[in-house]
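Presented sequentially are two complexes of chain A, the first with chain B as partner and the second with chain C.
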Partner chain A sequence: MADDQDDIILADLDDEELVQQMFDDLYDGLREEIEESVNILLERGWQPYEILTKALVAGMTIVGQDFRDGILFVPEVLLAANAMKGGMAILKPLLVETGAPKQGKMVIGTVKGDIHDIGKNLVAMMMEGAGFEVIDLGINNAVDSYLDALESEKPDILGMSALLTTTMPYMKVVIDTLIEKGVRDDYIVLVGGAPLNEEFGRAIGADAYCRDAAVAVETAKSYVARKHNQAAMRA
Partner chain B sequence: MDLPDDDRLTREGLALGEADAPATAAPDRLLLIACGALAREILDLIRRNGWDHMDLTCLPAILHNAPDRIPDAVEQAVQKHRATHRRIFVVYADCGTGGRLAATCARLGVQMVEGPHCYSFFEGNTRFAATAEEEFTAFYLTDFLVRQFDAFVWEPLGLDRHPQLRDTYFAHYTKLVYQAQTDDPALTAKAQECAARLGLAFERRFTGYGDLETALASA
Partner chain C sequence: MTDALSRLLATRDWLMADGATGTNLFNMGLTSGDAPEMWNEEHPDRITKLYKSAVDAGSDIFLTNSFGGNASRLKLHGAEKRARELSRISAELGRNVADKSGRTVVVAGSVGPTGEIFAPMGPLTHAVAVEIFHEQAEGLKEGGADVLWVETISAPEEYRAAAEAFALAGMPWCGTMSFDTAGRTMMGTTSAAMVEMVEALPNPPLGFGANCGTGASDLLRTVLGFAAQGTERPIIAKGNAGIPKYHDGHIHYDGTPELMAEYAVLARDAGARIIGGCCGTMPDHLAHMREALETRPRGARPTLDLITEKLGAFSSAGDGTGEDTAAPRRSRRSIKRDG
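And now, the complex of A and B:
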């Protein structure tokens, strides 16, 4: 994949070949090549939303699958994410201008005491790629930090990430506080991180545990759709 | 007693009888199934305390970087050695298995070490929990991890191939804490060098074997 890189002139490829090449370049974490390809597709009249979903998100999905299957490892995922970020940076302002579809809004952060953020960042990026507005609270978030953001941002979804056995239980502290304040059901609560599992998600009262970013996107979409349906029924 | 080689402990572990007297079928002996990263420390404790009734076998230490595989690997080892050893103790903490290892051990009827990971039990679980809150920007290394820094940290994080990723990983970290199990100036120097490579401040903290010793004593 990487060897013939130098010989390829991206602008000479037809659309289909270029998208295929973007999959390869994302896989290899080549940020500049991704940025160049995004610009080429824009010049060819592609809609920003189309580039985002058909090239970037689709390419990153392959990376996610190979990470899950143990073919790719953390550094490769980080480089791929970094390349995708380069493409997203070009598309983001254009997406707003062109009124790309909006799925909903998410507040996401890593819980108190934990500074693992690679997985959380990946989820945030893929959610953005799927059309969600994402407010990223970063790492080490105490209850108040989540509550403040929920109040000011009024998101559909609250996402919490934890990678340490010692920090996982803090998710329950946050959810219990939401219950105490009587606002738990105002939000869809999604949780994730390598040491978690479905059972844990249920036990702490989250709506769902998501194994990876692709599952997070699918779960978020279906919960948001359900929430809107329920709202429509009540109305 | 031969001290096992670190590279082998990382990739292969330690076979039963390799580092101590070959074990014969001995229903009253206690078998320790441990992480390879604890082999030296456990052998040292066995020797110092005269725990002659203990045998040791280790799983590859590198499982550390793939914790989802630890519970199955431990289960296989327990099954494999059940025939020779009725009494088995698993020398792993939770190690990022999110409670799965504890569930496996409970199902198999074997005990394991308390605590979230070795950084915690070396320091003493109670003490570690008490300081965790203000020290969450610390990156810990044990004796073993200092010796195997490249195999456990540098290479798996891809820093050998992509040094620019260092600051993505460690942006929020402030210091490297070397939890020393032994007094070894050469290891301290190497730990200091690890901190420099990661761009972190350095602190050495002597822990000795902490809760590992008490856990084995009561096993």
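And now, the complex of A and C:
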């Protein structure tokens, strides 16, 4: 069996088979195979946006579901996200050129005192995989770092992550500062991290707590859609 | 068998470890985002008080205030060059408290994760990880720690790196992992896989087990998973006092002292020999745990149903050790290839 699998010639597959194979290759974190497949689809005349949504985003959705359900764990998801990034690197300039629609924009960072950025990186990669523009502030962000980024980037969403009991209250410090400045409602605030829970997210004034990267993407999509609907109603 | 922990284990059926460090320090005025390790130098009185509160509540073992005291973590606070020194002070303060207690109390030098991901997916190499852990280990040793105690680890690679560093420092040690994702560690390690890894180490720990994670119920399921492997090595259970809630600017864990007393007895019945708490476990919880361990008779190994009845539901249906694991949605070509 193993030998049969290795001998797959990607270019010999028809479109439908190739997309199915890409789902498998994303699942397995095979970056070179994904890059090759993206190039094949481009040669066959697929629009960059089509490849993004029908192959990469759809494939990462499966990865996200199995991560959510405790079938895949962080190492596998990091590999999958790395493969997706390979494909994205090819598509990104083409997406800009062709004016493909954007889902929205997110500023994300781990709070002050917290070095853990595994979950945050996963969210950033999955959000990119879902078509969002992501500005990643990295680890150890004080209030000012978030404020500066919000002002210069004007995102739809602010994402904050914390992995320690000693750092998670800092999310409230950031949200309280946003309230003080009267800009809290300009953003959708999503929080996440191992020690958090839904009630904690509500208590500190976030819009939602996201259990994992897959949930973060779903939540972000629904909040952005809601925001757009509200904007349309006002217009 | 010269270290204090081995001596206690040889004479006692169970030992009680300590509770939370972070949650307690918050109550003493630590600000979120600041490095607790700075207090070893700035507020030695408060750290001494923290240690003493655990000892007074009946702990046989307490962990030093050095969880984030490695170079990788201290770097966030511009203090990466102070890892050895701050770790040393944390142990010196602990040594002092233990020596004045009038009984044998074990000073366990706490070592937390680096926070970095191992290569190839992340930047951390085995050699660098060993170096980071070794530096901290030497500091804790100089300060008079009886044993070293690595905790909240997710990656087996990191656990092994810590073990190697502790061998370089010539110190006995314990090590726990955090099982917070569907009953496994964030990196996918099951309780059964941890036992296998621990037993394969050239310098295995005096005790191993689980800390933090999600609630007390999940932690006990993990302990049952360890025990099912038939290990003779002492098992450590350090569970959180419920889940965190936010009240009036404070983090509060919702597990009551009574609940943690139930947890302690169930942990012992499940096979743990070293029992303590993690986040949210305050001196009052510890006192209740100690009292329960001393007064309640040993029971049969608890079933999963009994655990949920006494402590609440699990966070996930399975923990990856049984037949109940769901099937992957796609084939795994790379695994077949490796195989």
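The rule is short, and it goes like this: the second predicted complex is superposed on the first by the 224 of 235 C-alpha atoms of A that agree within 3 Å, B and C clash if a C-alpha of one lies under 4 Å from a C-alpha of the other, contacts with A are read in each partner's own complex, and residues count from 1 in each chain.
What we mean here is this: a residue touches a chain if its C-beta (ideal position, glycine included) is under 8 Å from a C-beta of that chain, and two chains touch if they have at least 3 such contacts.
Worth saying up front: this structure is predicted, and the values here are computed from it rather than measured.
Novice: Once chain A from each complex is brought into register, does chain C clash with chain B or fit beside it?
Specialist: Verdict on chain A: clash between chain B and chain C.
Novice: Between chain B (first) and chain C (second), which does A:54 come into contact with in this model arrangement: first, second, both, or neither?
Specialist: Neither partner.
Novice: For A:139, using the defined touch cut-off, is the partner it touches chain B, chain C, both, or neither? Pick first, second, both or neither.
Specialist: both
Novice: Given the touch rule stated above, what does A:200 touch, chain B (first), chain C (second), both, or neither?
Specialist: A:200: touches chain B and chain C.
Novice: Counting only touches as set out at the top, which of chain B and chain C does A:28 meet: first, second, both, neither?
Specialist: A:28: touches chain C, not chain B.
Novice: Answer with first, second, both or neither: which of chain B and chain C does A:78 touch in the superposed model?
Specialist: both
Novice: State whether A:184 touches chain B only (first), chain C only (second), both chains, or neither.
Specialist: So A:184 meets neither chain B nor chain C here.
Novice: Quick one: classify A:69 as touching chain B (first), chain C (second), both or neither.
Specialist: Only chain C is touched by A:69; chain B is not.
Novice: Quick one: classify A:221 as touching chain B (first), chain C (second), both or neither.
Specialist: neither
Novice: Of all the chain A residues, which ones make contact with chain B and with chain C?
Specialist: Common to the two interfaces on chain A: residues 73-76, 78-79, 82, 113-115, 117-118, 139-140, 164-166, 168, 194-197, 200.
Novice: In their shared complex, at which residues does chain A touch chain C?
Specialist: Chain A residues touching chain C: 1-2, 5-6, 23-25, 27-30, 62, 65-66, 69-76, 78-79, 82, 111-118, 139-140, 142, 164-170, 172-173, 194-197, 199-200, 203-204.
Novice: For the complex, which residues does chain C have touching chain A?
Specialist: By the definition above, chain C touches chain A via 20, 22-23, 25-26, 30, 32-36, 72-73, 75-77, 114-117, 121-122, 154, 178, 180-188, 243-247, 249, 251, 279-280, 316, 318, 320, 325-337, 339.
Novice: Which residues of chain A touch chain B in the complex?
Specialist: 73-76, 78-79, 82, 113-115, 117-118, 139-140, 163-166, 168, 194-197, 200
Novice: Can you name the residues of chain B that touch chain A in the complex?
Specialist: Touch residues, chain B against chain A: 67-68, 94, 96-100, 116-117, 120, 129, 132-133, 136-137, 156-159, 161-162, 165, 168-169, 172-173.
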